[in-house]
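So, here's a batch of structures to check.
In what follows, chain A forms one complex with chain B and a second complex with chain C.
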Partner chain A sequence: MPRRNWILYATMFASLALGAAAWELAGHLTSDAFWAPLSTTLKSLGEVVHNGVLLRQAASSFELYLTGLALAVVVGAPFGVLLARITWLRVALEDYIMMLYATPMVALIPFILSMMGFGFAPKVLVVFLFAVFPVLYNTVEGARSVRPELIEVAHSFRSGEWALWRDVMIPYTLPFAMTGIRQAIARGLVGMVAAEFFLSPSGLGQMIMMGSQNFDTASMLAAILIMVLLGVGLMDIGLYLEKRFAAWRGYNP
Partner chain B sequence: MTTALASLAVAQDRQGGPSPLALKAGAGIVLFALWEITVRALAPEYVARPSGIAKVFFSVLTDAGFLEVAAATLRAVVQGLAISVVAGTAVGLMMGRVSVVEHGLRYYVNSLFATPMVAILPLVTLWFGYSADTRLAVVVFASFFSLAINAADGARSVPPEFLEVARSFRARPLSTIFDVLLPSSLPYLLAGLRLAAGRALVGAVVAEFFVSIPGLGYYILYNSRAFKHNEAFVAVIVLVAAGVGFEASIKWLMRRYMPWSRRG
Partner chain C sequence: MKPRIEVRGAGIRFGALQVFRGIDLEVGEREVVAIVGPSGCGKTTLLRCINGLIPLTEGEITIEGEPLAAPREGVAMVFQHFGLFPWKTVFQNVAYGLRLAGASRAEIADKAQKFIDVVGLTGFENYYPYQISGGMQQRCGLARALSVAPRVLLMDEPFGAVDAQTREILQFELLSIWETRPTSMVFVTHAIDEAVLMGDRVLVLKGSPSAVHEVVDVQLPRPRNRATLLHPRFAELREHVWQTLMADARKAEFKVTQ
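== the complex of A and B ==
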């Protein structure tokens, strides 16, 4: 068995080394406008780290991302749980929520641009719109899985409204809300870059754009590489959150 | 269908209160009324509102130019999805069954899956120029990785007994793939396709924003810049209809032909 593990690590290492070599080679074989070698990309990455541009732009991006995401969670999750409790409201709204969940929110960016112009608020709105419906949709899905028997039992034991929320509604819907938050983390990132591209340029999106406008492929690739790492890191956080609460999931036929 | 709805309504009536259908319709009326009133009271004249959209809806939908751009976008989405389905399934099945491939590609596939596709737009534009090829490439990028990941999950989940039986009957490798591996991982592939279709639609729209080629996304951009929000919103409705329609048909396919699968 240890021998097998060793082989797997070797394959992984070899594939990463091969990828790096291919990146480097592709940069030397094609024109600068197409692809930059890994070494040049890393040099340009070092430069933006050193002169503080990366830190400043990343901070600006994070401010936008976290504001939008936090708003989405704060609005989406409680509203979803509320729909879990008020059945008629859930029945009335769930199809519309499903429809909005399926709407490609990027399509609304031009409207937001022409109504709200540039600035921070419209960009936050974009991130919020990307992120809120996954949270809401999944929480409502969870709401449907709350078995009415549980509420009946709670009522027979003369449970108060607050105790009912604390012991039944929230624990039951939380794992589903977490699935929604995982999706929101990923979609919000897409929303962030889209807002930084198509509304007023700022943050990491602006770094990618500037690289492409100046035909500075190395700095564009450096910014994209950061974006990839950011995406991977955020996805891991999302998966961790989802797994952490998955055990709470009730029987869901 | 009608009888099911009727019995549902009867069941609701026994509990008291209005039927679900009436509730949904009522909620729709309330939502549209709220939209209409808010826009009329607070927003400028050009902002989209239900009555304005209804007024232009049919004239936009029957406009030859609009149909052309809608067809261009949807064609690119279908083409891109077709490429991704073939390539993604091939790569995914290999990843699921051959551990060297799995360990060699896992990092690349997972991290590119997590990458927001908008971020690679400038790069793809450098490669393919301001043309429809850029849109196709973005659609493929947006959809490929979710298909590959789901195909790999599907291939991993194939019960080993199936493969053993295939081996005992000396099945040729090709027929093992097409008769055992593929059918067995089909529910996963369709789940991946559902995810991929949504992403592909978004990819097509952002690509059109970015490189300004005729399509639904560019139609929205162009008309909202010209302050024709009602017309632009019709394109949004078409996008939503395409997304929901695709999702619903895959759900139906899974329920109709794969009742054993619980994914979906």
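== the complex of A and C ==
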């Protein structure tokens, strides 16, 4: 087992090293305006880190992203359980939810722009819209699959509605909601960049745009690199949380 | 003295399906009534009615002299499917009923542990249901029901989903637990020998819609244990119930095949 692990890690490392080498080589073989070598990118990264631009822009992006994502979770998960418990509400809204889930959210951005203009709120709305539907959808599906026998056990022990939520609905639905949240983490990131591109430019999105306009590929790639790292890190956190809350389903905790 | 459970003319209909009708049943304070009948005859449904989970369409049920409207304090059910919460540990599952009853933290810790010990799950407090066998899961379900000190215990084929050996072990353990604290118990099963072993009386349900076909007075001495199985009266009663139940079952089966 340790030996196998060692081989896997070596393979992973070699693959990443090869990718870095290819990046470096591609940068040297093409014009700087098209693709900057990894070393130049890292140097530019060092610069923007040093002069505080990156930190400021990343913080601005992060604020937007986290606000939208948090709203999506706070609204999506409880509303999902509610939809699962109240049949008429679900029947009434189901089709709209499916339609919105299937809509490419980017298409709604011009509409949001004309409705709400520039500013922080419309951007948060974009991130929210990107992120909320996976949370909502997975939560509804999860909460609907609660075994009716377990609800009956709760009633048999004289559980009230609130205790039923605390002891049965929420713990049962949590792993499903976490699956949705993990998807929302990825989609929210897309929403963040889209909002920063198409509404008032700000944050990492603005860095990418400016880099591209000034043929400053290095700082553009630096911003993208930060974004990738952010996404990967958050996905890992999501995966960890999902597994942790699903321990009772028999997965490895 | 009034019986602790009184069922009068009970009937249930689901849409066009009349499951049973005209069921009368009385259970005294320290009495076990076993209900035996073929699968689908409405045994679970009757227990759910006595638990107050669904209302009767005809007749009435009183428990401790009061008409039943909703699940009552002092009544606990053990489910055929165990009904454990998979995200709760053995300890948390056993503590569930106590928590809902508003017991204090210290009381919960004390009582849950006591009944975990009674059913022989000591050492498995922190296991999740998926980590233990079916027999152990049902021990857990039993501990959960016992921990709220029920005056009425409803058992829905509690050993129907465990293997034959475990079932025998659990039967005798339940009998000895009951001896230390006798309560009113309704024990539903489709196994004839189990009904005779457990019950002071055996209600035989039969027909469609089903009804009480016969009430058998068991009169086997208590405490009951493995020796009861060798009692001549046990064999006699088992044969008698078998004849009552199976005579028509055979006829019905042959009618279908012809």
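Note that in this section the second predicted complex is superposed on the first by the 231 of 253 C-alpha atoms of A that agree within 3 Å, B and C clash if a C-alpha of one lies under 4 Å from a C-alpha of the other, contacts with A are read in each partner's own complex, and residues count from 1 in each chain.
As a convention for this text, contacts are C-beta pairs under 8 Å (C-beta built on N, C-alpha and C of every residue); 3 or more make two chains touch, one makes a residue touch a chain.
What you are looking at is a predicted structure, and each value in this text was computed from that prediction instead of being measured.
Undergrad: Given the superposition on chain A, are chain B and chain C in a clash or a fit?
TA: After superposition on chain A, chain B vs chain C: fit, no clash.
Undergrad: If we overlay the two complexes on their shared chain A, which of chain B and chain C does A:84 touch? Say first, second, both or neither.
TA: Neither chain B nor chain C is touched by A:84.
Undergrad: Of the two partner chains, chain B (first) and chain C (second), which one does A:234 touch, if any: first, second, both, or neither?
TA: The answer is first: A:234 touches chain B but not chain C.
Undergrad: By residue count, which of the two partners contacts chain A more extensively, chain B or chain C?
TA: So, of the two partners, B touches more residues of chain A.
Undergrad: Give me the angle at the C-alpha centre of chain A between the C-alpha centres of chain B and chain C, rounded to the nearest 10 degrees.
TA: So the C-alpha centres give an angle of 90 degrees.
Undergrad: Who does A:190 touch here: chain B (first), chain C (second), both, or neither?
TA: In the superposition, A:190 contacts chain B only.
Undergrad: Considering only touches as defined above, state whether A:38 meets chain B (first), chain C (second), both or neither.
TA: Neither partner.
Undergrad: Now for A:143: first (chain B), second (chain C), both, or neither, which partner does it touch?
TA: neither
Undergrad: May I ask you to decide whether A:108 touches chain B, chain C, both, or neither, giving the answer as first, second, both or neither?
TA: A:108: touches chain B, not chain C.
Undergrad: Please give the nearest C-alpha separation between chain B and chain C in the three-chain superposition, to the whole Å.
TA: So the smallest C-alpha to C-alpha spacing between these two chains is 6 Å.
Undergrad: Take the contacts of chain A with chain B and those with chain C, and give the residues found in both.
TA: Touching chain B in the first complex and chain C in the second, no residue of chain A appears in both lists.
Undergrad: Write out the stretch or stretches of chain A touching chain B in their complex.
TA: Result: residues 8, 11-12, 14-16, 18-19, 33-34, 88, 91-93, 95-96, 98-99, 102-104, 106-111, 113-115, 186, 189-190, 192-194, 197-198, 205, 208-209, 211-212, 217, 220-221, 223-224, 227-229, 231-232, 234-235 of chain A touch chain B.
Undergrad: Could you pull out which chain C residues touch chain A in their complex?
TA: Within the complex, chain C touches chain A at residues 48, 51, 53, 70-73, 76-77, 79, 81, 83, 85-88, 96-97, 100-101, 128, 130, 148.
Undergrad: Going by the contact rule at the top, pick out the chain A residues touching chain C in the complex.
TA: Touch residues, chain A against chain C: 149-150, 152-153, 155-159, 163, 167-168, 171-172, 247-250.
Undergrad: Spell out the residues on chain B that touch chain A in their complex, using ranges where they run on.
TA: Touching chain A: residues 17-18, 20, 23-24, 26-28, 31, 43-44, 47-48, 99-100, 103-108, 110-123, 125-127, 198, 201-202, 205-206, 209-210, 216-217, 220-221, 224-225, 227, 229, 232-233, 235-236, 239-240, 243-244, 247 of chain B.
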